[in-house]
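One chain, subunit A, links the two complexes that follow: it is found with subunit B in the first and with subunit C in the second.
So, the complex of A and B:
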């Protein structure tokens, strides 16, 4: 078997992991599975594309790429800006929609609303940008031989490094800061956290911002490695859920590891059974986890 | 395909109502699952697809393009559609119904994605991207006369809806229906009365799945052709909006929602055709989905009961006042 699947799986896994962290945080702190999370990925990618386009226009033409990579500094600036924008989008969606439904007796109404929001957001992208795919850069990258028959482009290598840095900083935020402790407290027991003087509304906002920003990062990765199209996030939704549940709801390291497992499994399936069945892998993993160990690898609650 | 321009107004109305009522069948299935039992199924399109493909394979003449083609009567196809859909629903139900309600949503979403993938890629079974054509149509002998054909189909589909409605109303008012709502409102109380929530949930889920399978089959035989892109998540989303707008928990609301939302859908489609130039129409069609998504969200916030809310149906022997109390599970954020 060709070992190339390791690189492909690691990359897909990083993308899924970044999205799954947002899903798992929303699920554990706000207590509903957000079907619109995939749209944050798509909107993040389009926001980056749009912002870097404006920056490039303001600079009077395309900015040269940095070193061996396919992108210039405008994309990096746009990425930071778009991550904030996507966080605000998540926050805005909560403000107009989810906030009103989370308080209801039947929390599943929020899940249904997120399903409607996902349809509406995706269709808006289709309307504005059409459904034809687009790219950050048309520049082709030459993959480097890494030995053992594995090849990777400079973009791919730096993205794996960036994902690791992002996930590590989120992990440190959650485990080493007061904000992180408050988030875990709200996830354990919101009523008790409120009594203990934690500003629950602020924690909810921070959760949305983090989830949105990480989803945007995932979207930028998809844009750099594959392509940008309105369905890019929706197609990732099932892998995101599978990864979050596989890792154990509420666990950030779990979400990343779950993402890597789903990504690697998909890469193996692409090599063995064919790329057209890729989307079924996440479903199979999901069903197996739900039957064998619904609390996931690192989960405490079922 | 039908030549709609030559149909005339009466023919078009019959065609429209027959289509809308076929959606109402899907809605009735969803209402049993969600409206009565509180089971959140995001895979309606998948279960409809299973029904449509099963019935198509059973009833079409033998073909090299897909599995079988067994040339059986349409009624056999409908029965097969209900059985196979029920089996798929049962499998998903067994795996997920004992877990948190969100997991059912995610699993049904996943099964619909996977079923669509099978429809698209398992060419030996489903005909792949080409779909299945030559599905026997009800009253196919009348196909030469579009008006008579559409009215005959409308009558048949209306009878199916009526039979389902009467049966479901009977079920809802039966002790079984009361247990479903008890499980939905307060699982612990239902358990303490000796009812097994898991068993009742599974029964409602499977029965609802069978009805969705029937809905898919009825649609397939009305149009005469099915393809994988008919069963995208948009279909699930349309059926959900129909149920929420019509009034979940109310079988009449489910039927009404199908007609109302399908009317809005058809009208907005014509409006887009009239407003946008032809090369922009595919793109503008996305606005239809955005509009329905916003409608669903607004309805959930402002009028979660829908047009016809759930009627309080309990035993005649109980005092109505007791039942008007809000669900006991109401909990703060």
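So, the complex of A and C:
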């Protein structure tokens, strides 16, 4: 067996993992499945594209790429900016929609509303950017031989590193800081959290910001490695949920590991049974987990 | 610090409180309670009388429909639950009163979040001094502890912020007789440290033994109130509310 699936799986897995962290956090703190989460991925990618385009225009033309990578500094600046924007988008969606439903409606109403929001957000992207695919850069990258028959481009390598750094910082935030402790507390028992002096509304806002920003990061990865399309996020929705449930709802390391498992499984399927089976893998894994271990690998709640 | 007339001012005064979980379905239907600084006041009453709902409403967890809640004269009925801790009012719920998936230490440090940074560590040490068991088990998940130790975590969590009033909902429920005794010894110690205590209890005998005054709630309203010893020694009340037909005539241990 060719070991190349490791690189492909790790990359897809990182993308899914970053998205799944947002899904798992919103689910555990707000107690509903946000099917519009995929749109945060797409909007994040387009926000980055748009911002780096404006920066490039302001600099009077395309900025040269950094070293061996396909992107210049404008993309990095745009990425940070777009992550904040996508966080605000998530916050805004909560403000105009979910907040009201959370208070009175039952869970299924909020889920349906998120489906509606997903369609609306996707249509807006198609309206503004058309549905044809686009790219951050058309510059071709030469893959490097890493030994054992594995090849990876510089972009791919740095993205795996960046994902690791992002996930580590979220993990440290959750386990070492007062904000993180508050997030875990709200997720476990919102009433007791309030009694302990925690402003639950503030924690909910922080959760949306983090979820949106990580989804944006996932979108940028897809944009750099594949292409940017209005459906890019929606197409990832099933793998995101599979990963979040596989890892155990509420667990951040679980979501990442769930993402990596789904990504690697997809890559193996592509290599062994054919690319057309790729999408079925997430679904299959999801069903197996729901039957064998409904609380997920790291889950405490069923 | 306090004006002369503030000497007699109640630290907590609840007047005609009406509250409930669903709009139009009041559970507490006009209950009142006055607590003087340094007192232990116990709330008794049959199952389902609304005792828990009453103190949960004061703590801001159950919507109030009308009535007033004053803490040291300040109206706090409209404040959200998380603000009340800042005002000096702490609450230990009847059930699910610790974060089981967090370590003992994280439970306490979470509560310390509202304190200035410099006070957090000393306050944590103070709690470990008060509850030596917890110091030994600080890194265990709170959910893994025995019932008695979980109760200690819950009480320590509430005391972390040095509240002036702490309300506890059945802190002795489900504990072995020896641990129940320990809980009441602890409560007496907490009062000695200057904290005013409001206590909901099933264990009327032990509660009245440490309390100054008591309220009996029935169907969401005040049924009786009075000095702890007076209530205990009133045969009619003992028979009706204190499960006490057989205990009647027994003096409350001083």
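Definition applied: the second predicted complex is superposed on the first by the 301 of 302 C-alpha atoms of A that agree within 3 Å, B and C clash if a C-alpha of one lies under 4 Å from a C-alpha of the other, contacts with A are read in each partner's own complex, and residues count from 1 in each chain.
FYI, a residue touches a chain if its C-beta (ideal position, glycine included) is under 8 Å from a C-beta of that chain, and two chains touch if they have at least 3 such contacts.
All values derive from a computational prediction rather than experimental measurement.
> Comparing subunit C with subunit B, which touches more residues belonging to subunit A?
Counting contacted residues of subunit A, the larger count belongs to B.
> Output check: A:191 vs subunit B and subunit C. Expected answer is one of first, second, both, neither. What do you get?
Both subunit B and subunit C are touched by A:191.
> Based on the superposed arrangement, let me know which partner A:277 touches: subunit B (first), subunit C (second), both, or neither?
A:277 sits against subunit B, while subunit C stays out of touch.
> Have a look at where A:182 lands relative to subunit B and subunit C in the superposition and call it first, second, both or neither.
So A:182 only meets subunit C here.
> Quick check for you: in the superposed arrangement, does A:108 touch first (subunit B), second (subunit C), both or neither?
A:108 contacts subunit B only, not subunit C.
> One more residue to check, A:124. First (subunit B), second (subunit C), both or neither?
Touch status of A:124: first partner only.
> Shared contact residues on subunit A, subunit B side and subunit C side combined as an intersection?
Shared contact residues on subunit A (touching subunit B in one complex, subunit C in the other): 191, 200.
> In their complex, what parts of subunit A are in touch with subunit B?
27, 32-33, 35, 97, 100-106, 108-109, 111-113, 115-124, 126-127, 130-131, 190-191, 200, 234, 237-238, 241-242, 245, 276-277, 279-280, 282-283, 286-287, 290-291, 294, 302
> If you look only at subunit B, which of its residues touch subunit A in the complex?
My answer: residues 38, 40, 42, 95-96, 99-103, 105-107, 109-111, 113-114, 117-118, 120-121, 233-234, 237, 240-241, 244, 282-284, 286-290, 292-294, 296-297, 300-301, 304, 326-327, 329-333.
> List the residues on subunit C that touch subunit A in their complex, please.
Residues of subunit C touching subunit A: 59-61, 80-82, 85-86, 90-91, 93, 96-102, 106, 109-111, 113-114, 157, 161.
> Enumerate the contact residues on subunit A facing subunit C in the complex.
Residue positions touching the partner: 178, 181-182, 184-185, 188-189, 191-200, 300.
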